[in-house]
Amino acid sequence: MIYISRKEHFNAAHKLYNPSWSEERNKEEFGVCSNENWHGHNYEIIVTVKGLVNKESGMIINLKTLSDIIKEEILDKVDHKNLNIDVPFLKGIITTTENVTIKFWEVLESRLKEENICELHRIRLYETPRNFIDYYGEK
Amino acid sequence: MIYISRKEHFNAAHKLYNPSWSEERNKEEFGVCSNENWHGHNYEIIVTVKGLVNKESGMIINLKTLSDIIKEEILDKVDHKNLNIDVPFLKGIITTTENVTIKFWEVLESRLKEENICELHRIRLYETPRNFIDYYGEK
Amino acid sequence: MIYISRKEHFNAAHKLYNPSWSEERNKEEFGVCSNENWHGHNYEIIVTVKGLVNKESGMIINLKTLSDIIKEEILDKVDHKNLNIDVPFLKGIITTTENVTIKFWEVLESRLKEENICELHRIRLYETPRNFIDYYGEK
Amino acid sequence: MIYISRKEHFNAAHKLYNPSWSEERNKEEFGVCSNENWHGHNYEIIVTVKGLVNKESGMIINLKTLSDIIKEEILDKVDHKNLNIDVPFLKGIITTTENVTIKFWEVLESRLKEENICELHRIRLYETPRNFIDYYGEK
Amino acid sequence: MIYISRKEHFNAAHKLYNPSWSEERNKEEFGVCSNENWHGHNYEIIVTVKGLVNKESGMIINLKTLSDIIKEEILDKVDHKNLNIDVPFLKGIITTTENVTIKFWEVLESRLKEENICELHRIRLYETPRNFIDYYGEK
Amino acid sequence: MIYISRKEHFNAAHKLYNPSWSEERNKEEFGVCSNENWHGHNYEIIVTVKGLVNKESGMIINLKTLSDIIKEEILDKVDHKNLNIDVPFLKGIITTTENVTIKFWEVLESRLKEENICELHRIRLYETPRNFIDYYGEK
């Protein structure tokens, strides 16, 4: 069992806002992140999959394939977008890094199961170089 | 003459959009950067000032002073904001990295002239780790 | 279960020295790190906590809260300090990255238990970009 | 139990090529990585070992010792070399990052067992800043 | 006058070797870099152009255009290639970072003159994160 | 004319303190940097030299030679040292990054003149990733 990781990036706008709370509570809980006119980030995503090394190719999965899957399932839908408005699979959630990472997991795990090549191990999502989330699909 | 630089960062939303152009031309020129619902970045700014070393302190300018000036004049106004909407000194411009950097120069140079300690040499603004602008106040 | 990490930094002096050893043995074991007049580092600390996502806030813990706790319990006590002399909770230990990380764990875990929001998962401490320790509280 | 990591780097040439496949299949599977005249990388390797902290030294293993072992067993054999031609312990494998990492594990684990100081935990090998392998010796 | 920079990367093999010298002198001058079976690098290139900001677009040059030009003129020709063998415009030179950077300048300057949008200011080429060349076209 | 740069690093302790000032004034001017028990940094130094490319070697200066000179003149004297106490050529100065950079320039320029291969162009010294000095020998 060995683990391969691919790092990609995207730029997006968002805000943290719970519509069932008052303006005051949103401001209190989310601070400057609740600015009504949005703010944004250069997100970095590291996708780690695990599997056995194929004897013939010497690879778990072709990195080109993994990179294409990330692009189709994630980057094409979130890059240069507003995470609160423009992304169907993020609709209705508060766009914290925690929630966004869990949604990315659902989308990627489902696709990788179809491909049946390797298993998703972890998604790491950096909102900034100093804040990041790790999710292993644990429920 | 010696040069000291301080690096800071801020997170902001923006879009590239010229209101005097048609939607088509905006899309053609600015591509995904013209997404009407905004996108955003973790901007990094490096401010370089130059001056003579003060014999008593061994410094051109106290970095705490320089950092406070950048915070007051720039970061407090742009961090977790929308560059097209929320920032008075950016009103009416297309928020390309070029234009934003020139505006930052005007604001900082004016303040440093008041302080009369050292001279602004360069502003470098990273929109992403791979795209950045340098401005030296040349007209 | 999901994991959130916050990266912070501090600058400190230290030396590696076991007072029960001879000068020769200290030099032999610790090399240049035993220089009697100290040396120092830009340390980087990554604190990882784990927990469930709060349905209302979309967060495990507010990163502002986590960052404040790290500041109060760690950074305010070690930043711009001498780790061998100035830090009460490091007194009497050899200030290797191993020992410092374990002490940071004790201090942070105790505080996070009081706060009762989430569980400490890992402390990673970089002494330099090429040397770092991971501690998960295993005894 | 605590974990210490040391990061090193080396520069090497390689190509991905399975001699039992046709040129077409090599090109199809490995793309530009199969260029017959080679390409190369600035590899980065992070070696993590685990153990108990020695009470007297405050260390799991002297980092100088660990660094010397990595140099003798790995770097001296692969730095400024061709991974497909010049490295005896890589002979006969397809030099994917997966396979190279597994071979590094075998070489380092064997040496660390002789030294009998600490246990190898993980080898992480970056082929580029965006592609990396983690191996924990799992079979 | 303002300066915009774009960072790109490529992976290539090379060796330093002067065919008019003896093996001994090549080894003496170029050391491990003269290994006959090649070695390689993850090169990083930063291309800086200068110009006036276009009033309508707010840009010196569309970064997509600049990025496409670098791709067509440089990356497509050197990525996953052997710099000594595979690249027509590098034929006959010793592939030091100095010489490669000067050749990149010639190729890019010629293309940018055709495009007639902006002026090439500097090419920075990193062979490793610790070694890099800057060239401004000075003769 | 072309420019080559080499990046190196060292770890050192220091404090900012002017002995002709009162404790209060030292604290006021230098803040936490004046802590009597020292603090420290992982300094990074980038040395840039300029010259013509030697036709035979394709190099301005052999990077091994440049690296050795930096090691002999700078690193061997400051690494794992206290900049205020242990370094003869820094005696009597306030160890601000400004003053340390100027002293490094004097030492390196003098040695490079002896070697008579190339000319010192710039010394950049990072005290932290966010604070750095550039010196070009301007008086």
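Of note:
Lettered A, B, C, D, E and F in written order, each chain numbered from 1.
Definition applied: a residue touches a chain if its C-beta (ideal position, glycine included) is under 8 Å from a C-beta of that chain, and two chains touch if they have at least 3 such contacts.
None of the values given here were measured: they were computed from a predicted structure.
Looking at chain C and chain F, not one chain touches each of them. Residues touching across the chain D-chain E interface largely coincide between the two copies, over half of the numbers being common to both. In this assembly, the chain whose C-alpha centre lies farthest from chain B is D.
Rounded to whole angstrom units, the spacing between the C-alpha centres of chain A and chain B is 29.
Chain contacts: chain B has residues 129 touching two or more partner chains.
Chain pairs recorded as touching, per the definition above, are A-B, A-C, A-D, B-E, B-F, C-D, C-F, D-E, E-F.
Within the complex formed with chain F, the chain B residues making contact are 1-8, 48, 53, 56-60, 62-64.
Listed in rising order, the residues of chain D touching chain A in the complex are 16, 18, 20-21, 29, 31, 93-99, 101-102, 129-136, 138-139. Interface residues of chain F facing chain C in the complex, by the touch rule stated above, are 9, 11-14, 32-33, 35, 37-42, 79-82, 85-86, 128-129.
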